[in-house]
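Input: structures, listed below.
Two complexes follow with chain A in common, the first pairing it with chain B and the second with chain C.
Up next, the complex of A and B:
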C-alpha cells in the first residue's frame, strides 16, 4: 500500500495565470504600495515636516517676511523670557489647562456614568448625541454666540440674572469673569469627546464585578471610587492626555470672546504666537514661542505617562 | 460582473484623469490672482461680491484706458491688520498686487516697507490732478505723507462723530447738542437719556478699538496715548497743491508717533472720565467687537449715543431707521475740540512693474466720475467735499450730514488715528489695557496706564 501525503487544501489560487512571480512580483507590490503611500508621505513632508524644520530654524532668525532673515542666535528666546506678555500668556495657559481639563474630565465622567445607568435605550441615545453635539460646531461660531449671551449690557445671561434680582456681571470685561467664560465655553464645547471615551471605557467594565461588589454590600460612591474609577483609569489616562494637549493649544475661544483681554488676563500662548507672526510680523519670535510650547506639551505628556504607572490599573 | 485586472484598472483611471484634465475649462496655476497675468492687479479688502461691485469702475477705467487690463482681487480680513498680514503673505509668496487699498491704520507700515511714493506722478500730472486737491481737505493728505513724501490719494474717510437716537433725545426732553458742547454737557445728556429710558438701554455705547474707542476722548482733551510730532519736508507738496490754503504753512511731511504717552496726566484724566461714566452706568463697558452688532442695537433704540462716522448712514437705513430717527453731532469740547479720522486710498507697491499703469488707476479713481461710481451709497464719506452733499444723503439722513465734512473744515487740527509702522503691536497694547483702566476703581487707572506705557514702549522699540 502506498501512503501518500495528504495534499494541503488549496484555499486560494497560488497565482493568476498571467501574474508575475518571485522577485519581480515583490518589486511590483512595493512599487504599488509606494504609489499609494506617496500622496500621504509627500503631504506630511511638505506640510508637516518641512514647516517643523523651518520653524526650528526660524526661531534663530529675525524675519518679517519682506526683508531677508537675519541670524540673531538665541535672542528670540532671551526676549521671550523677558517679555511680560509672553510670561503671562504661558501662566494663563497653564492655569487654564489645570482648571478646564479637571472640569472637562469630571463633567465627562460624571455624565458618562449617568448615561450608562439604567434608562431606556432611546434616552441613552439621545443623551449621547446631545452631549457630543457641541464638539462638531465651529469653535469660532460658538464663541461668537457666547459673546452675545455673556454681553454685560445686552446679554441673555445678565437678563436672566436681572429676572431674579441679581446685578449685571461684567462677564467679558473683568479679568476673573472673562477667564470663567472662556473656561465654561471651552469645557461645554469639548467635554463630548472625553464623554464618548468614558462611555466606551465604562461599557468595557465587566458587569460581574459590579454584581460581586453589590453582593458584598458596596454600592454608590464606594463602588465608583473602588471599582469604576480604577477600572476606567486607562481611559482616564488617554482622555486626560488628549484633553491636556488640546487645552494647551487653546486659541479660538479667547481670541473671539475677549481677544486676550481685559489686559492680558485671557491671553494664551498660541494667541501670542498668532499675534507675533501674523499681526506683528515677527516670525522668528513666533517660532521660538512655538518651540517652547511644543516642548511644554511634550514634557507634560511624558510626565503623565510616567505618573500613570502609579495610577492606572489594567485588568 | 466581469473581472478587471489591476493593471487595466490603473490604465482606466489614468485615461480618465487625462480625459478630465484635457476637457473643458479648468483651474490652473495661471488662475491664481496676480500670477502670470498682464493685468494690473488691485487688492481690496472685501469679498468676491465687493470685487464684483467694482466692475463698473473697472469698465469706466477701461473705457478711458483700453490698453490697461485690470483685475480686482478681493482679500477678506476681519480687520485692517488682518488684511495687511495677507498682503504681506502675497509679497512673500512672490505674487504681490500692483495696487493695494490701504487705510490710515497701515499707511505708515506700507510707506515704510512696501509702497512707492507718488511724488513724481503728482508733480508730473499736476494740471490733471489739481482738481482733486482743490476738492479734498489737506488734513486727509497730510495723513498720507510719510517723511516728506506722499504715498496715497485718500478716496474716503470717516471722522468720529456722535450719533444720537432722536427718540432717546426727545424722550429726555433734550435739544440737539450745540456744536461746542462740553464733556460736562455730555454727562448731563447721558444722565437725562438714562432717566427717561426703560429696559436694557445704554446712554453711550462704545467699542474698544483704535478708531472710535478711547482716541476721540483723548483728542478732545488735547492729548493722545502716543506723543505726536510732525516730520520735516513736504513743502514741495503744500506749496504746489495747497498754496492758497491758509493752513498749508503749518502742514508737514507727515505725522510721527515715536514715543509712548500713556502716563501723561491728561490721558489719566480722560480715562478717569470714561471710568466714571462706566461706573455710573451711563456708558457700556467697552467690549471688543465690530460695528454690525452696534448698528442693530442702535436701530432698536437700545443705545442713546455712540461714536461713528459717515459709514453708518447706509447701515442704519438698512436697519430700518428713517432719516429723522437719528442725527449726528460733533464730539464735545474739552481742552480742545480736535477730532480723529481714518481714511483709505490706493497705494502703489514698490514691487510693481506697472507703476505707470497703477498711477493711471489711482488718478482715475480720484476723479469725481470714478468716486461717484465707487461710492453710490453713504456707507462711507467721500474725500471730495463736493460729493458730500444733499443728494448723497437724500432719503437716508441724517439731517445734519454736513457734520461729516465740517469735522475737517471747522476743526483744522483734526487728525488721523495714531498709526506708526508698528501699528499692529501698538493697537494691541492700547486695546488690551483700556479695559483694565476703565473697569476697575479710580485708584487702578494709573497702574493700568503704567502697564500701557510699558507695552507701548516695547511695541515701538521692537524690531521685526
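Up next, the complex of A and C:
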C-alpha cells in the first residue's frame, strides 16, 4: 500500500487519453453484453418466465384449446381436492418420495463410506464408476428393461425367486408390487447421483479426525454415527434436497412400467398433469396441478433448510 | 501404502489378529475391509447386471419354433426392419447435437458476460436467470406447448430444440468457470489493443473449453435420454426420438420378441456409453457442480 500510493498521482496526467478509450471500450462492452445476453435472456423470458405467469393465469380458467377460455376462479384447485384420481396421485407421489429418497440416500451413503475405506485405488475407481453408471442411461430404456426383468411369467426376478423356492410375485400386475418396482427401478437408476455427492463430501473430511478417533477406540458403527454422520451432514442436506426435488417430479418410470396402473396405484402427480393436459385437454386443470406441485417442492425445500439448522453441522 | 500400515493396527482390534507377521503387516486387507469390498461388489453386480443381461439377451434372440437360443445379431437386424431405427437415431442425434451445441454457445456468451462485464442490473438479471432453475418443467410445459403451437412448430423437432437452448444451469456453470479465469488476461489483451469482442474470442473462450465440455456432455446426456418432452411435443412417428421410439416399439410387439426391443435399447445406450468412457470426469464434475457448499 505504501509503495503503490505515491505512484498513483504520477499516472494521473496520462489518464486523460486512457479515459477516452476507456469510455469507448465501456460502450463497446455494453453493446457486447447486450448481444451476448440476448439469446439466453430472451430464451428464458420466452420459454420460462412468460410460461410461469401464463401457467398461473391459466390455472383460473377452463380451457380445452378449441373453445375460448372460461374464467372459473379457484374451481380447478377445489376440484383437485375432490377428484379421487388427483388425490391418489399426490398421495402416491408423497409415499414414493418418502420411501425412494430414504432408500436412495441410505444406499448411497453406505456405499460411499465403504468405497472410501482402504483398498487398491484401481478397485475404488472401478466401484465409483460402476455405481454411477445407471445415471447416464435413459429412464425410458431402463424401465423397458426392468419391465422384462420383473415380468411375472418369464422375468428373471421371479426365476431367481423360484430357485430359492419362493412363489412368483405379480410384480407389475398387483398394486403394491407395481409401486415396489417403480421405487426399485427409480432408486437403481438414481442412487449414483447421491453417491457421487457423498463421495465428495466424505473426501473433504480430514483424515486425522478418523485417526484420532480410532486411537481412542471409536470404530465401526459408533465412528460412523458420532463422527462421519455429523461431518457429512452438509452434504446430506444438499443430497436430500436434490433427491426430493427430483423424486417429486417422477414420471418416466411409472409411465413406461405401468401407465399409472394397476388402477391408480402408480399414478403420480406429473402423470396427472400430463393426462389432464394432453389427453383430456383440460389445460387449466393441468396448470393448477402443476402449481400445487411446485408449491409442494418449494415448501419441502424450505422446510428442509429450516430443519437443517438443527441437524447440519458445519466444521 | 504408508497410511495402510499406519492405520491397520488401529482399525483391526488386537484380538482377532493371527500372529503371522510380515505379510500381514504389509497391508493384507483385514476381514472388515473384505466384507466392505464384498458389499460393494454385490452392489456393482446389481448395478451392472441388468445392463449385461440386456446386452446378452439382445445377442441371443429366441428363434421361432425352437427352444434353442442362438448367439447372433438377428435381433439387431429386426430392429432395423421393424422400426425406422435409422430415422430414430438421426432424430435423436439431430435434437441432441443442436441442443448441446446451442447450450454451449449461449451459455458461453451469457456466462462470460455475467462473470466479466460489469453493467447495471447485472446481478439482478443473473439472480432471475438462476431462480428459473428452481421451477420444475411440469409447471411451464402447458404454456410452452401452446407457444410452440402458436409458432407453428408443433410436431417438429424444432419444438424440442428451441426451448432447450437457453440454459440457466449452463449459464451458471460457465459464469463460475469464467470467474475462475484471471482478469489480468483481459488487461493484457486490452494493452495489446484487442477489442472486448476479440478478447473474448481469442483469450477467454479457448480457455473455457473444459467448462464448455461439461455443459456439452451434460446436455448430450440429458437430451439423448429425454422422454417427457418428446412424448408431449411430437405426435407423428417420423418425429420420434429414440427413447420414445423404443417405448412404442415395445407397444407394437406386445409380448413378442424381447430381444428386438433390447437390441434397440443397446443401440440407444452406445452413445451414452461412449460419453461415459471418455467424459467420465467432466460428467461427474458437471453433475455435482454447484452442489458443494
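Couple of notes before you dig in:
Basically, the second predicted complex is superposed on the first by the 294 of 315 C-alpha atoms of A that agree within 3 Å, B and C clash if a C-alpha of one lies under 4 Å from a C-alpha of the other, contacts with A are read in each partner's own complex, and residues count from 1 in each chain.
The rule we apply is simple: a residue touches a chain if its C-beta (ideal position, glycine included) is under 8 Å from a C-beta of that chain, and two chains touch if they have at least 3 such contacts.
Just so it is clear, the structure is predicted and the values come from calculations on it, not from any experiment.
The larger set of touched chain A residues comes from C, when the choice is between chain B and chain C.
Once the two complexes are laid over each other on the shared chain, residue contacts for A:146 go to chain C alone; chain B is not touched. Legend: residue contacts after superposition of the two complexes on their common chain; A:250 is shown touching neither chain B nor chain C.
Contacts of A:258 after superposition on the shared chain: chain B is touched, whereas chain C is not.
Within the superposed three-chain model, A:156 lies in touch with chain C and out of touch with chain B [touch as defined at top]. Shared-chain residue A:219: touches chain C; no touch with chain B. In the superposition on chain A, A:278 makes contact with both chain B and chain C.
Of the two partner chains, neither chain B nor chain C is touched by A:97.
Legend: residue contacts after superposition of the two complexes on their common chain; A:50 is shown touching chain C, with no touch to chain B. Touch criterion not met for A:89: it reaches neither chain B nor chain C. Counting contacts by the rule stated earlier, residues 32, 65, 147-148, 278 of chain A appear in both its interface with chain B and its interface with chain C.
Across the interface of their complex, chain B is touched by residues 32, 62-67, 83-85, 147-148, 151-154, 159, 170, 172-175, 258-264, 267, 275, 278-282 of chain A.
Against chain C, in their complex, chain A makes its touches with residues 25, 28-30, 32-33, 35-37, 39-44, 46-52, 54-55, 58, 65, 107, 110-111, 114-115, 117-119, 123, 126-127, 129-142, 144-149, 156, 188, 192-193, 196-197, 200, 207, 211, 214-215, 219-220, 234, 238-239, 242, 245, 248-249, 251-252, 255-256, 269-270, 273-274, 277-278, 283, 286-287, 290-291, 293-294, 297-298, 314. Here chain C touches chain A in the complex through residues 3-4, 6-8, 10-11, 13, 27, 29, 32-33, 36-37, 39-40, 43-44, 46-48, 50-51, 53-54, 57, 105-107, 109-110, 112-114, 117, 119, 122, 125, 128-129, 132, 134-147, 162-163, 165-168, 171, 190, 195-197, 200, 221, 224-228, 231-232, 242-244, 246-247, 250, 258, 261-262, 265, 268-269, 272-273, 275-276, 280, 283-284, 287-288, 291-293, going by the rule given at the top.
Remark: chain B residues 6, 81-82, 85, 88-89, 91-92, 113-114, 200, 202, 205, 208, 284-289, 293, 297, 302, 422, 424-425, 428, 431-433, 435-436, 439, 448, 451, 454-455, 458, 462-464 touch chain A in the complex.
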